[in-house]
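The two complexes that follow have chain A in common; it is paired with chain B in the first and with chain C in the second.
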Partner chain A sequence: MEVRIKNLTKRFRNFVAVNNLNLSIKDGEFVALLGPSGCGKTTTLLMLAGIYKPDEGEIIFGDQVVNDIPSKDRNIGICFQNYALYPYMTIAQNIAFPLKLRKIDKKIIDNKVKEIASSFHVDSLLSRFPNQISGGQQQRVALARALVKEPKILLLDEPLSNLDSRLRISMRAEIKKIQKDLGITTVFVTHDQTEALSMCDKIAVMNKGVLQDFGTPEELYNMPKNLFIAKFIGNPPMNFMDVVYIRENGKVILKEETFQIQLPEEIYKKFEEKQNGKELILGIRPENMKLTSQEENTIKGEIYVVEPLGRDKLVNVKIGNDKIIKIIASQDYKGNMGDKVFIELDLDNIHLFDKENEKSLRINI
Partner chain B sequence: MKHRLMPFISKALIYIFLILTTLPIIIAYLWLFTSSFSKQVTFGIIPKNFTITNWRFLWDEIKLGLTVFESIWPITFNSILLAGSVTILEVIISLMAGFALSRLDFWGKDFIMKCTIILHAFPGVALLIALYYVLNFASLIDSIIGVVLVKVALELPMATWMIKGFFDEIPWDIEWAAYIDGCTKFQAWYKIILPHIKPGIAAVAIFAFLAGWSEFIYSYIFLFSSKNYTLSVFIKNLIGDFRFLDYGLLSAAGLFYLIPVIVFFLISQKSLMKVQFGGIKG
Partner chain C sequence: MNNSKKSFFVALPFIAPFLLLILFFYFVPVVLTFIMSFTDMDFSLRWNFVGIDNYVKLFRDQNIGIVFMNTIKYVFFTLIINVGFGFLLAVITTYFIKNENKGLLFKTIWMFPRMTPAVIYALLWLWFLDPTESGMLNMLSNKLFNLPSQNWILNHPMTVIVIANGMIGASLGMVVFSSAIKSIPKTYFQVASVDGASDWGIIRYVIIPFLKWPLMFMTIWQTLSLITSYEYILLITDGGPLNRSEVWSLYSYHKAFKNYEFGYGAAISMVLVIIAVIIAIIMLKLFGYDAMMNKNKIKKE
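Our next item is the complex of A and B:
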């Protein structure tokens, strides 16, 4: 079902948790609400669930405004971080609970419970209690319970945060598969950008109650609209350097204390023109740099430390006195601590941000 | 050798201290038990001449001097009625009040919570005269219901606080999940939340029952016709005339008064142990 959020605002006393949020989620889309804790993503989810009432704005499911419709009539399924299984009920009773409340015939309930339990691989646990099964199993049961009533919308509130890292990675794929198989509109709250990038069709990045951007993982990763998104998305994170924008004789140069980089025309045309001497922030991802021995148009530095990551190496290079830049190098890179190196930037993939309003200078085509 | 002895001695000292401090209470109960089954007791606790005549109140009417006491069974029934009603009323009201104080946000909530604490700290005896007037006005004087209402009113703050603590422990997302699964507010309270606080309900019920069962001062003051007497008043009346005080009878009656409490405790001790004043253990 299509979900639209219009000018949604929620306040707690004087604190604005969600500020004038607008989102439009297509039918069957898997959308992440991504942001640091306290950014209003869970509040938004709970408003979708009907637990919190919006102070302003509208939530529309399909073509119906649901602001005043109680949770029980919204036809949604939810899965919480702590799974919120009912501890005094067996797994079977837990899964059957939403159906029982709908006064469905007992035989049909039994069949449905068995069916969904086997598709979530928890059919052997039906007679146990939640505290007798593992975290990953509880997770599956919670999903089964959320989906057994065939809801139109699935809400996930940090469902993977309580799992160990191996299980988290396998559940990531599994949830994505389930979502695609069922084609159910899903809203997924997370603070983990890797989860959002790897699972979702679209990501809404939020900070301090305000939507920063709403786009596909590729858009957000390749063309972050502001400094917050650039800092938040990507692992290892993007490198940032304070530079001065210099235009002379038709050339554009980014100047820092210890280096200067000249931008070719086809690159600087992609960005807004700024006046000479304007302070900017240059951002570049670790994978968009190369270590070379060539001196021209590069950054000079000294290897600070090398972290082998298995598939590749993360080289920390110190430039100037205290600035550390992280660069991804191939597995066979042979550099040692203290070596002098030059960093070549892949200029196609640089990002420039205004230092004052932190917005990207990229001209959107 | 010395190393092994030291912990033993310090342990022994602790035990000796504990035994000495608990001895008076143990002796009191022992005296109660033995003297109820014997004609005479020597050295305080050693019985002589086994008898059950002290327990004659169970099947006979008792005369002490000129006073004739009524049968104990209607009086026992009164006590059960009193304690039972206190329990039921207190549990029902405190469950709803505790839920409201724990889960809902409303104007004046803090004030109400502070008031309940102060009310609990208020000595009930100081209210006797005022309560007498109130009960008299409501024509509830000399009726068990009147005593029940007074007792429930005075015990409720404590019970509500206790239950509130149990409600506080329940994670919000369990309640939210219930709403989203299709529960109304009442269904969520009844089907999901109440099962969570069963130990709390048991604890409140036990405390309420014990408080009602051992209630003396209000029963003694507000109940004057003998058909409304409760066991505590009955025992007080046995002592009534010191010239004819029969210790054997008194201890048997006291023991009889104690039996339901012991039985009740044995049944419910598991739940009682879970009470941590404000939470669920483990």
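Our next item is the complex of A and C:
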């Protein structure tokens, strides 16, 4: 089902938890609400669930405004971080609970429970209690319970955060597969950008109750609209440097205390023109830099520490007195602590942000 | 000296004062009562042993039937108010009233009778139920329903003592159940309402199952305290009129301190001692010592 959120605002006393949020989610889309804790993502989810009432704005499912429709009549499924499986009910009773409340014939309930339990690989656990099964199994049961009534929308609140890291990676793929197989519109709340990038069709990044951007993982990763998104998305995170924008004789130079980089025309044309001497922030991802011995148009530094990550190495380079930049180098890179190096930037992949309003200077995004 | 013995002696100085209190004010009186129940001690306070005469007398006592039935009625109906109404208050003040301050205000109001000294509380009831036209309940029933004034205590003694005790007892249940409801993680309520549960569904499928232990505990605990308590009955009806609100513990009191039949009174109260011990054993068996000490029954994950 299509979900539209229009000018949605929620306040708790004087605190604005969600501020004028607008989102449009297509039928069958898997959307992440991503942001640090306290950014309003869970509040938004609970408003979609009908647990919180919006102060302003509208929530529209299909073509129906659901603001005043109670949770129980919204036909949604929900799954929380702590799974909220009733400890006094068996797994079968837990899964059957939403159907039991609808007063469906017992035989039909039994069949449906068995069917969904086997598709979630929990059919051998039906007579156990929640505290007798593992975390991953509890997670599956909670999903089965959310989906057994065939809801139109599935809401997930940090469903993977209680699992150990290995299980989390396998559940990531599993949830994505289930979502695609069922084609169910899904809203997924998470603070983990890796989860959001790897699972979702689109990501809504939120900060302090305000939507920062809504786009595909590639868009957000490659063309972050502002400094917050650039800082939040990507692991290891993007590097940032304070630079001064200098224009002279048709050339554009980014100048820092210890280095200066000249931008060719095809690059600086991609960004807004700024006044000479304007303070900017240069952002560049660790994978878009190279360590070379060439001195021209590069940044000079000294290797601070090298972190081998298995597949590649993360090289920390100190520039100036205390600035550390992280660069991904190949596995066979042979640099040692204290070596003098030069960093070459892949200028196609640099990001420039206004230091005052923190917005990207990229044109047409 | 093994470890458990050692830790007992380390703990002794800390628990000794309470141990002594329990010994002198609970255990010694029980033993004295037990011995006394085999004497025909009267106001002369002589230990004159007569064997099981008092227990034989108990079986032949023509009042014992009505006292027994009164006790059952009193405990049963007061229990319904203490546990049932206490639960209702907890649900209203914790689940339905979402504003914590408002909930707290109502809880405080219900706690007032418990904070009031027993004599004053009983006195308030006596004023409230005054048989003359200036009694508060009479005034209300005159004005609202045009009913003639009546002597409420004379006409409905059991109802009066059940309600008076229930009003006090309910507040304890309310406090215990409220905090138990608060300790249920919010997500259970949220999942249940998304899954289609109405308020009634949430009470039935979430609150009551989560409160199974506190509900059971309160029921047994209150049973125990109700069969042995008589102070409000003594102050309001004094068991009257004509034994119509006389309960077991009050009967023992009356025999001992009104008729000065200390031996016989002791025998009557021995029955309560036996019942109390049985209930205490059931409680320990049912809940277990560890379970009673670890109050959180909710497995969050």
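The working rule: the second predicted complex is superposed on the first by the 364 of 365 C-alpha atoms of A that agree within 3 Å, B and C clash if a C-alpha of one lies under 4 Å from a C-alpha of the other, contacts with A are read in each partner's own complex, and residues count from 1 in each chain.
In this section, a contact is a pair of C-beta atoms (placed from the backbone, for glycine too) under 8 Å apart; a residue touches a chain by one contact, two chains touch by 3 or more.
Quantities reported herein were computed from a predicted structural model and do not represent experimental measurements.
Superposition of the two complexes onto chain A shows a clash between chain B and chain C.
Touch criterion not met for A:240: it reaches neither chain B nor chain C. Put chain B and chain C next to each other and count what each touches on chain A; the higher total goes to C. In the superposed pair of complexes, A:162 makes contact with chain C only, with no contact to chain B. When the two complexes are overlaid on their common chain A, residue A:130 makes contact with chain C while staying clear of chain B.
Once the two complexes are laid over each other on the shared chain, residue contacts for A:333 go to neither chain B nor chain C. Of the two partner chains placed by the overlay, neither chain B nor chain C lies in contact with A:304. When both complexes are overlaid on chain A, the residue A:84 reaches chain B and chain C alike. Shared contact residues of chain A with chain B and chain C: 46, 49-51, 70-72, 74, 76-78, 80-82, 84, 86-88, 97-98, 101-102, 145, 149. Interface residues of chain A, counted against chain C in their complex, comprise 46, 49-51, 70-74, 76-78, 80-84, 86-89, 97-98, 101-102, 130-131, 135, 138, 145, 149, 155, 162.
Looking at the complex, you find that chain A touches chain B at residues 46, 49-51, 70-72, 74, 76-78, 80-82, 84, 86-88, 97-98, 101-102, 145, 149, 157. For chain B in complex with chain A, the touching residues are 171, 173-174, 176-184, 187, 192, 195-196.
Looking at the complex, you find that chain C touches chain A at residues 185, 187-188, 190-198, 201, 205-206, 209-210, 212, 298-301.
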